[in-house]
Amino acid sequence: MTDSTDSPTNSTANCPTDPQALADAVTQAMWSRDRASQGLGIQILSVKPGYALMRMPVRGDMVNGHHTCHGGFMFALADSAFAFACNSYNQNTVASACHIDFLAPAREGDVLEAEAVERSVSGRTGVYDITLRTRSGKAVALFRGKSYRIKGEVIAGLEQVASSH
Amino acid sequence: MTDSTDSPTNSTANCPTDPQALADAVTQAMWSRDRASQGLGIQILSVKPGYALMRMPVRGDMVNGHHTCHGGFMFALADSAFAFACNSYNQNTVASACHIDFLAPAREGDVLEAEAVERSVSGRTGVYDITLRTRSGKAVALFRGKSYRIKGEVIAGLEQVASSH
Amino acid sequence: MTDSTDSPTNSTANCPTDPQALADAVTQAMWSRDRASQGLGIQILSVKPGYALMRMPVRGDMVNGHHTCHGGFMFALADSAFAFACNSYNQNTVASACHIDFLAPAREGDVLEAEAVERSVSGRTGVYDITLRTRSGKAVALFRGKSYRIKGEVIAGLEQVASSH
Amino acid sequence: MTDSTDSPTNSTANCPTDPQALADAVTQAMWSRDRASQGLGIQILSVKPGYALMRMPVRGDMVNGHHTCHGGFMFALADSAFAFACNSYNQNTVASACHIDFLAPAREGDVLEAEAVERSVSGRTGVYDITLRTRSGKAVALFRGKSYRIKGEVIAGLEQVASSH
């Protein structure tokens, strides 16, 4: 995405039309701005249209008073996977509501994977299911997110930020 | 709670019987172990039986690809307030499920407050409502958490950790 | 609302501008078409802008295999209160998602009350809290609904239906 | 299950040990007592351990003020499928909380199918996903239910009721 800031051409002209290429471009654009996911130590394993797979090791600073991973960090990983899945079409989309069921605790040193799959998109809203698993495949949380499409595009948004400097 | 690690007496003998004093003691015990809430920059403003009020400034490393506070950090603040409210009776209690509605974005520099109030406790389960507001009083998220009481006590748990050294 | 079907004048010209009068008119219009709520034996006690209070006796045909009120009928009462509260501004609004926590069983012969209050409205979406209580005031369920405003108006919608005959 | 009411033998002695046979017996026992599901016109298509598939035509008395199926009746069908799936092991289990996302309206005359699948069971709690579809296969609602196992058994419960006459 660094190209687009240097280029005099219109960014939308450069916008890939192949769905997977578009998802890849959006992923890079979002990731470069997403200090939160970067700081959490999240790794993107795969993003496809309507889909994302991410990984995050549970660090010592993510552990709560019960000696288990604070629910906020489990939620955060699921929420990042949700965000990358629902923005993969390059239409700015935000979380409207999320529901998480905690099934089992995660502990320091566990490596969590979040897999986000699209269940429904209709009009401005969508529903995504995100499953959080440990590396052994054990499900530790089930997350369901409702997305809401707002104005603007992910890559065009980056462009506007760049041109405002 | 540092007393309990030095004291040869039984910790439950020292356990306050006044509900507010118990809530205070539990709060200190949980906080001392809660590296996650500490690392998030959360401040405890008040904990009462079934109630908690906390504050967290939105830092630069909490901002996502839409230039707004990552939902995971908003959730984490609410979840911490939920945890301190539902553990305030000194019975180990965990989050079973949480639902969050995002009403408005929060931005870097905003100071968020989470107020947790108990709506219901019956048997092992409880329901808590947590409202997230900016300092101006604007609600930015509504969180509803279902708690589940497990075995053990918060302060007794601390004791066991201390005696294992 | 039967007037509007007979009247040659434009219905929106007759639309009350006082918020409570508008809520009353909308309530009558919705109720007259709402065979479901009528068939459930629901009674409207009060509707105000963003607010509704309703009552429903638990009938023998609402009891499930555990000898308690089927969750679907508890949900239905809450959902009706939600619908009347969020449509009280005369803008067609539907339920986008609902969450219900069951706190205690209700039994045949219990009379349930559902009180719906608005927690947030912003853009097209809103959040409403509905509490289900028995007549003794005991809470038996907590319901949170997300509303979504669609095209059209409640009273104008009635008019269009009438004029199509 | 009519046998058990006539039989002088202990019902648990007659309780099938094969999981599918047990699920069948529980289904019959629950259904015979479930006036709510019967009155709603629900048909059971299949119940297996942790699974249920049911059908319900949308009747005229299920239609609300927007001329679409009242959310309460869509919820009720999903909730019945949930109940039969999570009780299929013959351990009394109730709904603790449910979340439903409405994707598209259903109309009078539509025949809805609810398919309940188990996502997780651990200790006393479980998570089930129920998808509501029209006969054409279009998803109209996604329901996620949290189950909670209480004391007693479904078939033994029937026995006690029978012996109290």
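Letters A, B, C and D mark the chains in the order given here, with residues in each chain numbered from 1 onward.
Note that in this section a contact is a pair of C-beta atoms (placed from the backbone, for glycine too) under 8 Å apart; a residue touches a chain by one contact, two chains touch by 3 or more.
The model shown is predicted, which means the values in this text are computed figures rather than measured ones.
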| message | Looking at chain pairs C-D and B-D, which one is connected by more C-beta pairs in contact? | response | C-D
| field | Chain centre separation (subunit C, subunit D; CA means) in Å | value | 26
| note | Between the Cα centroids of subunit B and subunit D the separation in whole angstrom comes to 36
| query | Hey, what residues on subunit C touch two or more of the other chains? | reply | 96-97, 99, 101, 146
| field | Chain-level touch network, classified as line, ring, star, complete or other | value | complete
| query | Which positions of subunit A touch subunit B when the two form their complex? | reply | 29-31, 33-37, 39-40, 60-67, 69-73, 75-77, 79-80, 83, 87, 92, 94-102, 105, 154, 157
| request: Over in the complex, which subunit A residues touch subunit D? Could you list them? | output: 99, 101, 103-104, 119-120, 122, 127, 139, 142, 144, 146
| field | Sites on subunit C touched by subunit A in the complex | value | 96-97, 99, 125, 146, 148
